[in-house]
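In what follows, structures are represented as C-alpha cells.
Look for chain A in each of the two complexes below; its partner is chain B in the first and chain C in the second.
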Partner chain A sequence: MDTLFIRDSFLQLLSGVPLTLELTAFAFLLGLMLAMLIALMQVSRLRLVRMLAGSYVFVIRGTPLLVQIFLIYYGLGQFRPTLQSLGLWQFFREAYWCGILALSLNGAAYGSEVLRGALQSVSKREIEAAKACGMSGFLLYRRIIMPLALRQALPAYGNELILMVKATSLVSIITMMEITGIAARLISETYRPVEVFIAAGTIYLIINFLLTRVVSMLDWWLTPHLRGVPTTGNPEHAND
Partner chain B sequence: MMELLQLLSFGPDGWGFALLAAAFMTVAVAVCGFLIGGIIGAVVAWGKLAGSLPVRLSADAYTTILRGIPDLLVIYLFYFGGSMAVTGLFNLWGQEGFVGVPPFVAGATAIGVVSGAYQAEVFRGAFRVLAKGEIEAGKAAGMGQLLLFRRIIAPQVFRHALPGIGNIWQMALKESALISVTGLVELLRQAQIAAGSTRKPFEFYLIAGAIFLAITWLSQRIFSWLERRAGRGISGGLV
Partner chain C sequence: MTEGANMQPVISLRNLHKSFGTLEVLKGISFDAHKGDVIAILGASGSGKSTMLRCINMLEIPTAGDVAVGGETVKLKKHGTGLAIGDQRQIDGIRSRAAMVFQSFNLWSHMTILENLIEAPVHVQRRPKAECVAEAIALLEKVGIADKRNAYPSHLSGGQQQRAAIARALAMHPQVMLFDEPTSALDPERVGEVLAVMRSLANEGRTMLLVTHEIAFARDVANRVIFLHEGVIEEDGPTDLVFGNSKSERFRKFISNSQQADRGQGR
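After this line comes the complex of A and B, so read on.
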C-alpha cells in the first residue's frame, strides 16, 4: 500500500467533486419537484391519475438506472432528426443533460414513494381544522399539508439524497468525468485499483457524511416542538 | 411492431435467444451475489449484535462504508483489484502475463459484498424484534444454542426480515446491470451488443428494460407469496 500514491490520487479525484455535487444538486432538485407532483397524483381522487403515477413509479423502480441512462443517451439519439426539428437535440446531445434527466426521473420515482407516505401521514384532524378555518385547495396544501408532510418526509428523503450522490457515479459510464469517472481513468492508467478505490471511497464517504449532517441539522431546525423534552437516552436503544 | 418482433425472433437473424440467455445470466449473477450477501449479512449482523467491541466496531464500519460508496466503485475494485491479485499469484507461480478474474466471479462478489452490508442491517433489525422471553423460554425448555437458533430464532427472524430482504434482492438484481462494465454478457451488455450491430439502441434498451421489469415484477410476486406463507398462523398477517 502506497500512501503517497493514495494522497496523489485523492488530490486528482478532488477535481471531480464539483461535477458530482453539481449533478447531485441539479438532479435532486428536479427530482424533488417531479416527486411532489407524482406524490400528489398518487393521492388524487381520480383513479386514472393515480394509475398513471403508479405505473410510472412501477416502471422506473423496476428497471436499472443504467438502462434508463442508456435509453435516454444512446436510445434517443436514434430520433435525432425529430429532436432536431423540435430544437431539443442540443439538449439530448449532451451526456450532462441526459445524465441529469435520467437521474431526476429515477430519483423522482423513489422520492415520490417517500412523499406519498408523508402526505398520507398528515392527520385528518389537522386537515379538518384547516377546512373549518376556511382553507381549501391550494392554501390548504401550502399552509398545512405540505409543511407537515415535508417535515415528516425529511429523514427518509435525506437517504434519497445519499442515494443520489451514489447514483451520479453511473453517468461516468456515459463519459462524464466526475469522481468515479476520474477513478476509472486512474485505475486504467496506473493499474492500482485498491489505492484509487480507497481515495475515491474516502471522498464519497466525506460527502455523504457532510450531507447527512446537513439533513439532520435541517431536521432539528424543523422540529422545534420535539426539542427541550427531557428524555433518558435514545428511546430506540432504551431496550438494549 | 412487426419489426420489433423480428428483432426478438429466435431465428438466426433474431436476438431472442441471445437475450434470453443474457436474462438467465443476469438472474444467475444476481442470485449468486445475493446469496453471498446473505452469508456476509448474517455474519456481520451477528458481529453487530454479539461481538466484542472491536468486532462490533468493524461490523459497523463495514456497513457504513459499503452503504456510502457507489456500487460501481466496488465493482471496479473487485474486477480490477481481483485481476491484479490473481495475476500476482500466477506470477509467483512462475506464469507470466496478465490473468483476469472471470467477470462473473468479480461481479457476484461485488454484489455480495454490497448487498451483505444492507442485509446485515435487515437481519439485525429483525433480530431485535424477537422477544427476549422467547429465547429464555427456549433455553428453559432445554434447547441448546443450535436447536434454539433453528427452531426459535431463525424462523422468526426470517419472517420479520422478509420484506427488507425482498427490497435488497431487487437492489441486487438492478445492480447486476452495472456488471456490464466488466464485459459480462448479461442483459444490458447483450442489449448493447445488439444495439451496436443493428443500430437500434432505443429498441434494444427498451427491450432490456422490459425484461428487467418482468423479472422484478415476478420476484415481487414471489416475495409477497413468501411473506404470506411465513406469516400464516399469525393474526393480522405480518406484524
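After this line comes the complex of A and C, so read on.
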C-alpha cells in the first residue's frame, strides 16, 4: 500500500467535501420539514390523514434509496413533455436537484418515524397543563409539544444526520462529483481502489465525527433539565 | 354567602352528567360557587369529584348539562351520543380564568420555574413580558421559592414544584382556582408547606374549589363543603353545619373512616 498515494488521494477528494456537505444540509433540512409534517399527520385524529402518511413511510422505507434515485433521475425523463408543460423540467433534468429530492424524501420517511415516537412520548400531563392555561392548536404545538418532542428526538435524529451524510455517496451514481464521485473518477484513472477508498472513508469518518460532536453539544445545551441539580449540598439553597 | 347569593355566580353547574363509555360517573350535578367561596369537594375514590372539577374547565367534556364560568355558559355542541367543544377560543378564555392546580404539578419540564410562570400570561393573555416577569418573581416570593426561579422543575422537591404550580396558576389572574388533590402526590413532610400557601390564598378571599383528602384542612379553610357519593351531591352546605350536624349517614361514616385512617398513620 502506498501511503503517499493515499495522502494524495485524500487531498484531491477534499474538493468533493463542499458538495457532500451541501447535499447533506439541503436534503436534511428539507427532509426535516417534511418529516415534521408527516409526523403530525401520523398522530392526526383523522384516519385518512394517518393512512396517507403511513403509506408514504411504507413505500419510501420499503424501497432502496438507489432505486428511488434512479426512478427520479432516469424515470422522470420519460415524462419530459409533461414536466416541461408544468415548468418542472428545469428542476428534474438536473442530477443535483433529483439527488436532493430523493435524499429528502428518504430522510423524511425515516425522520418522521423518529418524530412520531417523540411526539407520542410528550407527557400528557404537561399537555393537559398547557390546555388548562388556555393553550390550544398551533400555540400548544409551538410552545409546548414541539419543544419537548424535538428535545426527545434529538439524539435519534443525530443518527439520521449521519445516515444522510453517508447516503449522499449514492448520488455519485447520477454524475454528482461529491466525495464518492471523485473517488470513482480517481480509481478509473489509477486502478488503485484500496488507497482511494481508504482516503474517502477517512473523510466521511471525520465529517461524521464532527457532526456527532455538534449534535451532542446541541443536546447538552437544550436539556439542562435532564442534568443533575446545579449545586450539591442543602437542596433548599441550591442555585443562585 | 348571603350577600354572594345576589351576585352572579363565578361557577354554575346545572344538571351535569358525565359518562366514560357505559360507566356513568356524574349523575346530575348542580351547584353555584360565588366570589370568595372556598369550597371543599369531598368524597370517596371514584365518587366523581375530580371528574366534576375537570368538567368545569372542560378537560373532560360533559355528556350532558351546562357549565358557566364568570356568567359565561360554555358552548357545547352535539357529538354522537354526547357533547363536544363548540368554540375552542371561548374554552381557552375560560380556562385562563379558571386556573387549575394538578395532583402531579404538571410543570413544563423544559422551562425554568420563571419561564413556567410567564408562559401563559405572555403567550395566551399577551401581556407585556417585563410586567409578567416582575409579577412572577413577586409570586414566587409569596410562595417562598423566589431563589428557585432559574431552576428546572426536575431540580425541585415535590412541595416546591407544587408551590411553583400554584404560582403559575396565580400568574394568570384567575377568577377561580381549581385544586385537584394538590397534596396527594407529596411526601407527608411536604404537605404542610403547600397547605400553608393554599391557606393564605383562602384568607385573601380568593375563590377556590378544592378536591382533597385532607379533611382537617378542608374543615379549617373551606366555608362550604360538597360531599359527592357515586356521582351525586349527597351533602352540600356551610362547613360548620355539615361537619357539626350532617343529615347524611354516608358523610358521617366517611369522616369517621378518614379520621381513623389518619390516626392509623399517626397524624
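Note that in this section the second predicted complex is superposed on the first by the 227 of 240 C-alpha atoms of A that agree within 3 Å, B and C clash if a C-alpha of one lies under 4 Å from a C-alpha of the other, contacts with A are read in each partner's own complex, and residues count from 1 in each chain.
Heads up, the rule we're going with is that contacts are C-beta pairs under 8 Å (C-beta built on N, C-alpha and C of every residue); 3 or more make two chains touch, one makes a residue touch a chain.
All values reported here derive from a predicted model rather than from experimental measurement.
*Asks:* Looking at A:Trp220, would you say it contacts chain B, chain C, both, or neither? Reply first, second, both or neither.
*Replies:* neither
*Asks:* With the two structures laid over each other on chain A, which partner does A:Ser136 touch: chain B (first), chain C (second), both, or neither?
*Replies:* Touch partner of A:Ser136: chain C, not chain B.
*Asks:* Applying the touch criterion given at the start, work out whether A:Gly75 contacts chain B, chain C, both or neither, answering first, second, both or neither.
*Replies:* In the superposed model, A:Gly75 contacts chain B only, not chain C.
*Asks:* More residues of chain A are touched by which chain, chain B or chain C?
*Replies:* B
*Asks:* Looking at A:Thr63, would you say it contacts chain B, chain C, both, or neither? Reply first, second, both or neither.
*Replies:* Only chain B; A:Thr63 stays clear of chain C.
*Asks:* Going by the contact rule at the top, pick out the chain B residues touching chain A in the complex.
*Replies:* Of all residues in chain B, those touching chain A are 64-65, 68-74, 76-77, 80-81, 84, 170, 174-178, 180-181, 188, 191-192, 195, 199-202, 205-206, 208-209, 212-213, 216-217.
*Asks:* Once bound in the complex, which stretches of chain A touch chain B?
*Replies:* Touch residues, chain A against chain B: 58-59, 61-68, 70-71, 74-79, 162, 166-167, 169-170, 172-173, 180, 183-184, 187, 191-194, 197, 200-201, 204-205, 208-209.
*Asks:* For a test of understanding, state which residues of chain C touch chain A in their complex under the given definition.
*Replies:* Going through chain C, the ones touching chain A are 57, 59, 88, 91-93, 95-96, 99-100, 102, 104, 106-110, 119-120, 123-125, 147-148, 150-155, 157, 165, 168, 172.
*Asks:* Touching chain C in the complex: which residues of chain A?
*Replies:* 123, 125-126, 128-137, 139, 143-144, 147-148, 151, 222-226, 228-230, 235, 237-240
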